[in-house]
């Protein structure tokens, strides 16, 4: 796990109240690079979301790393996406597969956002990242 | 209420066990005049019965009395029909309307056979007799 | 006056603590909560009388059947109809599908089916399917952009213009809460022998419809939105018309006779109730009706109205909040947005405060398009809510909105 | 070995006293009794998590949705299938109607639908409707008059003769208890790419079907016949074929997008689950599956088999009693008649002894015609019955029959 993610995790776990925690998350969301409007197409939409979530995952052959780009029209999901990007950025497929995202979200007391019924697509995105990493790794 | 009915009722209420009671009922069933096969037609069938029950009710204009003929292919229903015939036979429509059949069946501890769900058609027959009597009475 | 403390005690779920806060349930439009007596009756049924209904010669079968048919009587009486005019279905959605299927037979290419712009998908999509199969045409009573409700004049004009074969319209809107002027519309439709269908999913509990007064041909509802269990709904139909519809699903229970060559069916309501019904559901819904009967309707209406007025006035004070729909004739449902914020964010933060609201398009995508929005936050009240809950809600809402600013 | 005392304690209704006698419930084929955990889970749901499912951002909605989808997983695992291959319906009857409706699209005039002579009305009448609409032809695998079961050879011959488009047959007969040789028949039907449908309403609890082993295309069942609540059923379908069926009912939940012009739908199973589902029903059926999983299947089968053999041998000893059907491969259901007595009389007298049996044609009128009878008395056992109950039953039965002699 890289330092920048550990930083982010600390910020969130150390939040004094849920209000602060969500403020952190939404601030992280603002850092998320905005996906160009041309990329916000239906084919990139993650299914089963109450809000719109767009996801692109590509494999950089030279560096053997996954490149992830994602966006959402809600602030909280954007923040969660930002956390995910911190968590996985610059990792090799093998490193990705070693990460236990459930545990990470649990430690940040954000586990409920992984419930598929919340309609935020976070769980689906994690699954997709792992699937791609698995395919790359083979 | 006529004497023969009161006799029948006594026999039934005085039965020492349910076995005896049902034996009485089935014996009464055997007394029921058999409906000629030609009269056992679909149009005379009482709806909603698990067994077949055929019913004819006619009004005798001269005597101003209801004539009831009924039959069933089950012994118990036949017995119950027989009781009904005793209860109503030779009465004028007006007299019929004064009879509380529910009370009679309750006093014989046979009330459950009036439940429409028992699928024996007894309740439907009582309703039909009353309806006809009501129409005659007008 | 409604003794609200006494009422609330009867709903065990209202004591729940969610995210360390007392639950504030403002999502009754999605499904109502259930009083203890309804829950108990399910328990009682399975522990004492569970058995299949009809044709049961044994005692349990008799108990089950009697309670089952008694519930039909209760509902019939509640809406001022006859028992044989009530068909049990699995929900308002199935009731509408049954009607759409059955009425297809009466339609010819070019016939018009008229609905309103406020309809739930359940009262749109089945008609689209019917149109695709029969060549009938779906027409829409539009939303007036200023008042955000349908206009009676426009509706009359459309009825005169289209002489619709079928008019199907919601008694109350699930998204906006609008109570629609259905009595007048039904009356006017008689001019053209239009078959009138009312989607009462939202109205049943709040408005206690009277079939004789409304004089519609069909009225559909869901038990679960009216204190009853999930998996059950109903369809009222004027008997002759109801009975003239072809069967929908086929199977056991609804049969007069079957041979391998042909089958004949019983009369309504039986002919529309193929298979083993939701017995415990029907019986416990009977208890829900008993429960409603014990609450004075005027008291309920007065309480619901005062909650609605209070909520509306409080929301109107928050700058940046936009309210939608008819804010006068309303069942107690308010949809809103805040600036450009996404409803999802607002609801997620409210959930942190133990407050349950619904967001999204509420299965009314076409209405969203009319309003030119993607979705709303929806608060839907019931008589078991309190003024205090609204006060708490407003305090929390302001906090949540400030997090977003 | 099954600890039968322990098992029976879990079913509260088995303690009932009926007509002053301990209830002997021999009508599980009509509906099974429910263990306490199933009843409790309904109670728990309505007191703790009641809320509509999917799209729920609030905590209750999340709880309800998670439990709801978990139950789908449990059922899928129980029958060795994938969760997305399970559709919730209101019962086996609806499952069959959904299939009949959906498969109509694949049929042409003259195509054959093959069923057996032992089918329940729910697996006959929907196909008659399909034939009326499409010009397909219904053909019957006959009952062998001597063995009172269908013959495998005859079945193969008919399959070869008709090359049926659809074969729909019960796993076990509700009237006779016959376990039908479906594995072989399904296998043989592959020769002609026949779509195979198994009506598992009676078999689900007794035989715990394995979808991978059976290799049928569709399998239908009812929750209420398998320890679960009323108002719920299921449909298993091989995913690709299932997903290729057109939608059945339409409305909320199953929608991708709706405009007034057109609608698009989600994939299976969602596209077949329009409207608010039977949420408490699904969740409590999940608990029924948990309960079954805790009972060793071999223990259950051994117990059920020994009950059946004992009952059969006792009945065979009573002169004047005629037994029907396959008395070897049987789920524990025996149909009988006594001399020329009417089943109604026998059942009415048995009810006096607290014994619940079913009489009539059992929604299998064509089978009755094959057997040349009007109806039967049917005893249908479950694993919660005991040898002692059968002993009591036989004593009472003899008494009742002597009343009739």
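We just call them A, B, C and D in the order they show up, numbering each chain from 1.
Here is the rule we use: a residue touches a chain if its C-beta (ideal position, glycine included) is under 8 Å from a C-beta of that chain, and two chains touch if they have at least 3 such contacts.
Keep in mind it's a predicted model, so treat the numbers as computed, not measured.
Engineer: If I average the CA coordinates per chain, which chain comes out farthest from chain A?
Structural biologist: Between chain A and every other chain, the largest centroid distance is to B.
Engineer: For chain A and chain C, let me know how many angstrom lie between their CA-based centres, rounded off.
Structural biologist: 39
Engineer: Between chain A and chain D, what is the gap in Å from one C-alpha centre to the other?
Structural biologist: Comparing mean C-alpha positions, chain D is 45 Å from chain A.
Engineer: Centroid of chain A to centroid of chain B, CA atoms only: how many Å?
Structural biologist: 77
Engineer: Residues of chain D touching 2+ other chains?
Structural biologist: Each of 19, 55-57, 59, 61, 344, 348, 359-360 in chain D touches at least two other chains.
Engineer: Would you mind listing the residues of chain B that make contact with two or more other chains?
Structural biologist: 50, 119
Engineer: Just spell out which pairs of chains touch, all of them.
Structural biologist: Every pair of chains meeting the touch criterion: A-C, A-D, B-C, B-D, C-D.
Engineer: Could you please specify the touching residues of chain A with respect to chain D in the complex?
Structural biologist: Of all residues in chain A, those touching chain D are 50, 112, 115-119.
Engineer: Please name which positions on chain B make contact with chain D in the complex.
Structural biologist: By the definition above, chain B touches chain D via 18-19, 22-23, 26, 50-51, 73-77, 119-120.
Engineer: Help me check something: in the complex, which residues belonging to chain D touch chain A?
Structural biologist: 53-57, 59, 61-62, 65-66, 69
Engineer: Looking at the complex, which residues from chain C come into contact with chain D?
Structural biologist: 12-13, 16, 18-19, 23, 25, 27, 30-31, 33-34, 38-39, 42-43, 46-48, 50-52, 55-61, 90-94, 96-97, 120-122, 124-126, 128-129, 138, 140, 222, 224, 229-232, 247, 249-253, 255, 257-260, 262-263, 274-281, 344, 347-348, 350-351, 354-360, 363, 365-366, 369
Engineer: Taking the touch rule as given, give the residues of chain D at its contact with chain B in the complex, in rising order.
Structural biologist: Contact set of chain D toward chain B: 19, 341-342, 344-345, 348-349, 352, 359-360, 399, 403-404.
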